[in-house]
């Protein structure tokens, strides 16, 4: 899947979803047979506060075109307070990335509860479209494949 | 290196109709460490499970990936299956290719590519899985019930009847709570005291129940099965071990203050037993009222006490006890309607009373010995207005929620007035009449047949004209203003959480909602549990409800406790955080962050610059940790890591998804 | 600085250092001594009176002394430290993070008169905030109106300009970790970046790795940065490291209220707490 | 610049060749022995006793291990689980494809010890390099004098190469085997005690004897002291060192002790040689 | 033979046709938010319009990465089904290092010894080395931290370079406005002396730009003259436990700056980068100053503190390398002195070590601080 820059380019979007709200919401979207783009892949985490900002940097480094972090609405956290920390962390993260030339649309966070399947679908559709419009992420991605042939330098 | 088996489920046609499962299996064979991959119609079925087990043996697998429905669906099923194999149940990852792939996509090629990606992610993660085993922790088979109202009493009795010790902590001098204040209970009109006081007595007499009245919970630490609770016993100034409850002191006490029990409608002495049927039926001294304690004068009670039980030097005492489970049953209070509704007189009209005051008024042991009399002049009222939803369903002035019990309580009050005062007229201002309970609608119907006039609309103003209260409102059905000249106005005031609910929740590490009602773990499926294991709730501290619901919940909570206590020890989830003490710098960042207070700083014999030293490092209490991982993301060293969702695992997942 | 000249301060430093050693409780005093270059001093550990006489105070005493306290987190004897305002904020930072015990430190505070170091222009606290003995009269604290002007200006650039700038900077980075090792907010026993097995990052120094390291560093120290500028000073490749950290500080100030680290208050690092009323952009 | 290719291996010394694990043997709870062959069933290379092999688990990492035995068409390495990398090694099953390069390091001075009586002392996994020499000596039995083998492990279950240690070697001509365990367990009726004290107890005569000593640093230290007390010359005591290694060919720098590189100049040193090196072991 | 300064650009262009020419070039990074633009002099491939600065101070980073890149892929592999290992050697392309200073040339000699001798030849280095031609440039004005002549070098001569380049003896100099150092006037000339066949071949390429004659300028002296004991390596070999180590290493902050700016540091680490079942093994620079450098799998570390680590670094430069390869590994370029965040100074150490008594039981800075600075 190293084909990244041709016309049929599809973005790679990672979504970190908390087990209790957004992951459930995504499951509910499935139950309701809602349709959304294939390019968003969900990584299940217990709580959005489990998501270390370094995971996001890593994703961009490894070539992700967009990253989503989703969790319960503030106040509804399964673990009482986790998402309040998430909120602080990623508001700063988004700004810092922007400061380094990464479009804030490439990194977004959203509160999506277990019952908000439609919101999950809509978010995914929207983010996917936004990132498709932005094109491939070249700014942080390492050039593994580019360098791989022909040895060094 | 790991030997991973990948099993792709068709889920009948649920998955296979959109995802090319064979192609996924073929692709899986190319993934690192995968030595076996196959697909099957129903992995969760018995033959499916048998096939997996067989592959584990034949292929010498040491971990597996199952690509199927959501892990929320069958993760436990497959973990259970692994229990009977050579593989640890946690050497399993599930790729969700049904809910998050087949069901939400239509393009077969793209969906298949995504399914491969998801399997790739699961393979990358499972390669870093470690066998986990659930630890066990011993259980102290003794429950603490906080609050001695009907909920607490019922829960305590049920637990005690199962043979376990229970302690009830009640902040008032007597247990009983609000229910003993009530006159009758709807819809059956049994005497409330007659059915609740026997329970109080039973609780007092039960060999497994310890009552701690005038007590409050000061501090809670520990975790399920092993809570350590510090209880503050307020100064009573009366030695209850000696006191016989003769009541002589009470009759001789010269100081009289407003009675809380009678809702301010009568007086009590400074040394007092709150009410006749109080349990324990022994007096305490109100330090704010007692002349001896305030000014050093008087001292009559000490003189009259035949056994010398009075002790003016009494002080607060703190005791620390171990409990295995805690039930929170701290009940409710009525809102301060005087502040919310100045237009109803804000408390300056004596004849505007709350429903609870009316209960005392109509109660035979109340201030008027059961005669409904106007507090202002002691005359029998003829025209009575009952206003519902005072503070409830009124987000602008009061609370947005419905207090649930007041529709029926108001109907009851109307019924009682019409029954006790011949030729009386009762007007009930209401927004809606909600009667969802057995016999409730019938009761309401009867009340209306008795003559209660229900007027739909809010009362906008109450003022006094002569001895009458003029109640102005609007009949919204007729869309015209209504004025009633009333002798007595009864407000069905809203319930709100008991004062101190927020603080207590903080001590217990449990959550409250925006109104400070204590939050249950799940509104449908875990209604009497809180988010902290081993702490349960029942009654109105969770939200407004009536007595039957309260009692039902109390028994439910008791069963949860009894179920917990039926084991000598309990399994803990192995997916908890743990600290690498050699890497931990002891900054304590995680300690403050943990919502469960599961992390503490401890001393550890470690090395610094090659030298042996005693370091301070973080340590996770595995009994308390719920596995949220909040601490992980904040640990800069990454030395605190959540088993099952380790940094390494998630990084590998990210890498795999970005391939 | 009060009315002391540089020479007087130097004499007082030597005197106080000797006094400290004379108590027998302090093993050595960390300060500065001259090097063969007149415009450079180096950190210096005085163990004896004769060595105390080598301590100097001039406008080139720019190395932070505070971080050396971390070399021995469990000392058998007290460590004496000559501290300027920034050093004392650094010590506060480490004390707050439980990295040091106050009783293990003997702090000789010196009211700083500014150094030949660009970061000193924006210094808001020239007075040591924590000390056992103070040299010089405390001066009036100043407010640096330009604390975030550079960040604000940079924010206005286009995304590509920003990226271009940082890419060039990170291309220079040689992964020497001087910024980390000099930073008083970096106090991990083992830096995440050294944990190759966990795989946070690789060891190779290329642009992407350096960017990841750079941004991770901002996240790790951003809410504890005392703005001493050591990271930028020590960088052999002259990367504008403070420009990144200050961005985070600015955002923290904008979003969560005034915030400054290293002051002797009981504030917690911003990422370690929350308020219900924090702004929410993720609805 | 014309480069004289004098590389001793005639190829890129840093690139391993593909090999496969053909057998995995659980020696103790945390030691496994791997039998390694090239993909076409040949011996990867012919090491001298005491030499090392760099074994590479592709995608995970590589580490240096002593070669504990060799046969017609295989070499064997014993690996003890100590960290994340060795943990990954321990998950290998027969058929696992790995990369192997080597052999590296000097070897036991086979010519120097020819005709001498030999005392082998091993502790724990330290028996691994010694075993290669013991096997060599047994194969060339007539070249060597009397052989004593002293081996200590924590308990019976921690004894590596149980067949050799507990059965085979003692059956060899003119060979005595002494086994001791640190702790006494029910399944063990042999000697209990630490190697250095057992060594003193046995009290070997230094004349004409060479000692090969391998084991954990503390054991080496104490045994060396005992041996010297017993009158052994430092030149007569041969031991092996362990350092973190990366390249294996004396280039990458990290395994130096003084000017010597353990991977190239070692791992075998006499105590006399070690005395010349800075004390950084 | 000489090359007129005005023809230097042409010469570089000519050479660039057949090889990648690494020359000391000034690179400017514009900062759009402040006036402070940063100018960095570094060895990079010559391109048209590049601002080549042969004169002036030496580069912050040495050109060692031309031969020994910071990151070098060694081989590709695939695990599992269809496993393979595929060697990745550097391309066979010609390179020229143009304008290297004598100190850096000496450091390449040292690296040659490391990578090309002692049983094993490092294929990657060898491949690059074969394809590199080196043009050295005699220093004009050493920076204040230069002490190569104290280490036995001559700042005017790099005998092992393929081609030696000096300014002419009769040159006139001006002071550069930007860097404040002595530079050749525009009508100046460079004297070229081939020292190897490769050097001669290079001259052949340039012959149209060259003229005969000219004496080379040989009068540059280092600015820093240090006391260095004749047999310092032997002395140090007896000082492993000397109390001096405790003191001189105290100020070190344990970063890798000295290592990465050092022209002779050659230590590397080997790691892999995986992409699914595929991946590649690469090597990258490592520093003996890092705590994980010698840490073993079980966690034990033979060099647990910066004292042991810095001691190893200094001894490697001044003793161990001598013992192994017969020369000192410190070439006196002074880079680490300029860059060290803690202002540690290896020349300072050399002096102190030269002066102390070997068996001193105590070491006080106070005894060695005077008369030297």
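Think of it as A, B, C, D and E in the order they're written, each chain with its own count starting at 1.
We take it that contacts are C-beta pairs under 8 Å (C-beta built on N, C-alpha and C of every residue); 3 or more make two chains touch, one makes a residue touch a chain.
Fair warning: this is a prediction, and the values are worked out from it, not measured in the lab.
If I average the CA coordinates per chain, which chain comes out farthest from chain E?
B
By CA centroid distance, what chain is farthest from chain D?
The chain lying farthest from chain D is B.
Quick check: more C-beta contact pairs in A-C or C-E?
If we tally the contacting C-beta pairs, C-E comes out ahead.
Based only on mean CA positions, could you tell me how far chain B sits from chain D in angstrom?
64
Where the centres are mean C-alpha positions, what is the separation of chain D from chain E, in Å?
Computed from C-alpha means, the inter-chain centre distance equals 39 Å.
Using the average of all C-alpha atoms in each chain as its centre, how far is it in Å between chain A and chain E?
44
Would you mind pulling out the distance in Å between where the CA atoms of chain A average out and where those of chain D do?
Averaging C-alpha atoms per chain gives centres 51 Å apart.
Which parts of chain D, given as residue numbers and ranges, touch two or more other chains?
Counting only residues that touch two or more other chains, chain D contributes 59-60, 83-85.
Provide the list of chain A residues touching at least two other chains, using ranges where the numbers run on.
Counting only residues that touch two or more other chains, chain A contributes 53, 58, 75, 81, 85, 89.
Residues of chain E touching 2+ other chains?
79-80, 89, 269, 271, 273-275, 277, 286, 299
Looking at the complex, which residues from chain C come into contact with chain B?
Within the complex, chain C contacts chain B at residues 71-74, 97-99, 187-192, 195, 197-200, 220, 268-269, 271-273.
Quick check: in the complex, which residue numbers of chain E touch chain B?
My answer: residues 79-81, 274-277, 299, 301, 304-305.
Can you list the chain B residues touching chain C in their complex?
Interface residues on chain B, with respect to chain C: 582-589, 592-593, 601, 608-609, 611, 613-616, 634, 636-639, 647-648, 651-652.
Mind pulling up the chain B residues that touch chain E in the complex?
Contact set of chain B toward chain E: 1, 29-35, 120, 582, 609-610, 655-656, 659.
Which residues of chain E touch chain D once you look at their complex with the stated criterion?
These residues of chain E touch chain D: 74-75, 77-80, 83-85, 87, 89, 112, 114-124, 126, 129-130, 132, 162, 196, 198, 237, 240-241, 266-272, 274, 277, 279, 281, 283, 286, 288, 293-299, 302-303, 308, 312, 315-316, 319-324.
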